[in-house]
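Structure in structure tokens, see below.
In this document, chain identifiers A, B, C and D correspond to the written order of the chains, with residue numbering beginning at 1 in each.
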Amino acid sequence: MTLEEFEALAEQVNNWGRWGDDDQRGTLNFISPEVVTRAAESVRTGQVFSLAMTLSLNGPQDGSPPPGRINPVRTMLAINTPMSGSPNSARYSDDIVVTPTQTATHWDALAHTTFRGTMYNGFPETAVDASGATKLGIEAAGEIVSRGVLLDVARHQGLDVLPGRFAVTRAVLQAVEEAQGSPVERGDIVLVRTGQASFFLQGDVPRYRRPLAACDYDTALYFHEREVAAVAIDNAPFELLPANVEEVVLPLHVLNLVYAGLMQGENFVLEELATACAQDRRYTFLLNATPERFLRSTGGLVNPVAIR
Amino acid sequence: MTLEEFEALAEQVNNWGRWGDDDQRGTLNFISPEVVTRAAESVRTGQVFSLAMTLSLNGPQDGSPPPGRINPVRTMLAINTPMSGSPNSARYSDDIVVTPTQTATHWDALAHTTFRGTMYNGFPETAVDASGATKLGIEAAGEIVSRGVLLDVARHQGLDVLPGRFAVTRAVLQAVEEAQGSPVERGDIVLVRTGQASFFLQGDVPRYRRPLAACDYDTALYFHEREVAAVAIDNAPFELLPANVEEVVLPLHVLNLVYAGLMQGENFVLEELATACAQDRRYTFLLNATPERFLRSTGGLVNPVAIR
Amino acid sequence: MTLEEFEALAEQVNNWGRWGDDDQRGTLNFISPEVVTRAAESVRTGQVFSLAMTLSLNGPQDGSPPPGRINPVRTMLAINTPMSGSPNSARYSDDIVVTPTQTATHWDALAHTTFRGTMYNGFPETAVDASGATKLGIEAAGEIVSRGVLLDVARHQGLDVLPGRFAVTRAVLQAVEEAQGSPVERGDIVLVRTGQASFFLQGDVPRYRRPLAACDYDTALYFHEREVAAVAIDNAPFELLPANVEEVVLPLHVLNLVYAGLMQGENFVLEELATACAQDRRYTFLLNATPERFLRSTGGLVNPVAIR
Amino acid sequence: MTLEEFEALAEQVNNWGRWGDDDQRGTLNFISPEVVTRAAESVRTGQVFSLAMTLSLNGPQDGSPPPGRINPVRTMLAINTPMSGSPNSARYSDDIVVTPTQTATHWDALAHTTFRGTMYNGFPETAVDASGATKLGIEAAGEIVSRGVLLDVARHQGLDVLPGRFAVTRAVLQAVEEAQGSPVERGDIVLVRTGQASFFLQGDVPRYRRPLAACDYDTALYFHEREVAAVAIDNAPFELLPANVEEVVLPLHVLNLVYAGLMQGENFVLEELATACAQDRRYTFLLNATPERFLRSTGGLVNPVAIR
């Protein structure tokens, strides 16, 4: 893709001003109360799945850039400390964590990515400073609750894990959607499964990191056409690397986060959910993926939960 | 209450062995798939409420013990850092947080409290060590999704906020439940509202901290009788301090966490949810309060979401 | 002092270009090998004094701005963890700290303060970014070893602690220097004692914080005339607050750090050293106040040691 | 070496009770005022050397155990933040670090290692708990200032770096001491150079980590005979790994820290100092290696400075 084609695509998916000049929620605006009640109706069997990686030193970070994006370090503030001198006193234990917000399972807040000095809706990139994201921070997103739709690309290809460099394109997503019989509707949150997280669950971090399948740039158009509220995937970069527009480095991040105002979720673990969906061929569920609300954060640590 | 009466009450609410000798989920076992589908059925209007405090230096901690329980510190790892040398390169921002797991809105994991050398289900307190809670840590709880029931004690008393030292007793909860017409059923998660969090929302941390109303020790019996899955409140200590069994210091923590295996949520913000419930007199909702899964943590940082 | 007078004073103490356009050490350049050997010659009785506050949650921070400048939090990574399964295995304990670099006893790196877009030697303030101080960071200072001279203002006034708002002026320092018979020479590091740290040692953090005596703006001229290498004091703000040039807020910081290239040390504990100096009336010593070398840090955590 | 021989050696170097039952400083007690003045007399040319690694994400840790011993993460609390709304306001930058105390250049506090339930001087290992080292923590060491003696083993062998698995034995240290003509005296701090840190300075962390030369177990006897105050080396493990008494895993740690009460310094960078010493064949200097005084810490972050 040339830079010109990229710019044309950016124009197509651009949502700036669509929900007002002050809007900071982007495509999350597609989630209406009706969408939420429709989501609740997809709960049939009462199954509940966490889509999060466990947070520990054995997380997906291996010291590679971005600098400082370490695995979480959790230590004890107190271990069985008595509340009084009496042998009948309750004792308590407390702990504290040091963790990046973009480690393990997380949302990219809209402020996470900027392009040519600008963020979503035309906010200047200077709105992110040492104090954090004064615009488009994770708290601006609010609650992220909607109907989730799993697009299980790996299973559709008859594979446990998609091969490295496999490009999940718009056409691929359309084909999966149709084959599954699970049309994506306005306000849905799409979960794209490549199967990659199975390596993480097996404890193989190097293999989890590379090689991997990911979304190609034209999926931005797919998400735009379907008017999805948010989208998440079971790997770390979300998009193909190196990308097809090398100069931009992360063209899909720019298309989704900056132009469409569409939040991206990364490192979502979809294995168990996918097995359940395949068993009864129901690919929709109530998804609550509301992140921890660290003020002005550019990332959203989250334990997403699917209820079906 | 004498120590003997406390011990008798502990015996009454004791659930050790009820779900097997290896059980680490306690009363969360009351949540069956049927409970979850019933919870989903309480979604009518598609309203969504976060019950979390925003995580920032302006949190509820003021330097008081427990030592080290600070407010979260969030700093930037990168601010609009270009991914390449091209002016057309995407730029990214990242951040990192230092946060106790028992600061702001959180669950006490069952490992948080021990009594006479023992934790829930008879696990020895030595199962909590420098590596964390090897038993009853937050990851052992798994997903926390059920029907939530708001017991709005403050509104029932005709007050915005209950007065300091007001004892929320078993009888009080029964009265609220009845007046609201919202019977608590097996597997429900009960949210007790004192109105205290309104001070926090107003930015008045000292007033939020003290004085306050809280649960009295005999509510342990109420939770036991109703077979609730978990319980949360809109203040920090959960129970009356100083408590009626001074020697134990935190008798209700011991009854709930150690004997019943009932997790307690603290610093839940119930103001908006309560207003909505009062408007249409529906006090039940789907509650997802699944915490961040920091391995072996004794606390569960959480952004609880109520959907109704 | 008017802004014009401030600007005139800035011109007087300006050292930009004095040690070359690339210089990042400022007045530390006054320390020659001869100064170091002279410093060693001041060691007579073999007494050694640490001038640091102990680093703990009981540090001098009380939640006041600057935001995030907390007291250090230290937790255990391991407690008596065996290295092998044998009962004869060594066991180890490890810990980890979270600490601002400007908490407790520290140096302000030259990058700590900027004025009208510029730092010392004309470096643009943009040299400090999310990655830290790419110019004038603490590692640029290198070793800080010289002869130290205590100017014990409190004792000179016949007081244990100077009264609040007492202005330590150029004239005051001259008077103390003369009375003590300890002329300050080129390359010396001056330690100014107000006695304030005695409150900290007594555990009274509020009293330590305010009210307090501090350096007045014209001491910048004194330090310039004496060609001192660095200067430290036994309180946190170093200079009088509110300052005599309100618009600048921290005029002495600007004069010293930005114009003179003179590093300031804060929260130095001088009580024991001062007692020893008073006893034998020797006010000079070998001072090693080389800070921890956190790359690109704007502050220098330090345990200064005086040897006499 | 058999376990019996190890125990016999432990008996030989045992200093328990030597300085009283309450002593927490161990061999640092060898440093008298006379030793300090002797140290100052070794300052001749006014040269100053820092022996510390720069603290950054590019430190010597590579994710290997011990768990949580990460490289330091430093982030900004403020970047050029104005103190007031005026264009003439001073601006400030602040930062914060997360760092283990045993990362990079550090001392092992006496509490760092325990053996068969006991620490130096018979203190029970339970004196280290979640609150830290209540005995033998780094603050108990106090100031660490003495004469330093470099034993440049690599140069004595005619090598830049000793080969992997080279055993620095008692005999080797005796030979170096004699060849250099620099007798080690009571109260000296010995710095053992293997040349290994040159790999770190070149940015080759893997090579820095392994393979490496280190001290053999019988050096404990050498340090004991010479009555040295402390000892440091230019690698991370200090002693040969795997050790000659496999069951103990770290026999020299046990001999030095637990039995002799001799603190060990690790990751000291001796390259520049060694070059200077070789040039004028003076191997002694004033050494200040007083660590940051984090209360109850089992490790001592330090920027050691040699003055000669």
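The working rule: a contact is a pair of C-beta atoms (placed from the backbone, for glycine too) under 8 Å apart; a residue touches a chain by one contact, two chains touch by 3 or more.
Please read all numbers here as calculations on a predicted model, not as lab measurements.
> Subunit B and subunit A are one sequence twice: same or different residues at the contact, by the over-half rule?
Since more than half of the residue numbers are used by both chains, the interface counts as same.
> Could you work out which pair in A-D, A-C or B-C copies the interface of B-D, where over half of the contact pairs coincide by residue number?
Checked against B-D: the matching pair is A-C.
> To lay subunit A over its twin subunit D by CA atoms, how big a turn is needed, in degrees to the nearest 5?
180
> Provide the C-alpha centroid distance between subunit A and subunit D, rounded to the nearest whole angstrom.
Measuring from centre to centre gives 45 Å for this pair.
> Distance from the CA centroid of subunit C to that of subunit D, rounded to the nearest Å?
Averaging C-alpha atoms per chain gives centres 26 Å apart.
> How many angstrom between the C-alpha centroids of subunit C and subunit A?
Inter-chain centre distance comes to 46 Å.
> Name the residues of subunit C that each touch 2 or more other chains.
As it turns out, subunit C has residues touching two or more other chains at 67-68, 70, 73, 75-81, 93, 96, 98, 129-131.
> Draw the chains as points, connect those that touch, then say whether the picture is a line, ring, star, complete or other.
complete
> What part of subunit B is in contact with subunit A in the complex they form?
Counting only subunit B, the residues touching subunit A are 3, 32-37, 40-41, 43-50, 52-56, 58, 66-70, 72, 74-81, 83-84, 86-102, 111-116, 125, 128-130, 132-133, 139, 142-143, 145, 247-251, 253-254, 286, 288, 290-299, 301, 303, 305, 307.
> Contact residues on subunit D for subunit A in the complex?
57, 62-63, 67-68, 70, 73, 75-81, 93, 98, 129-131
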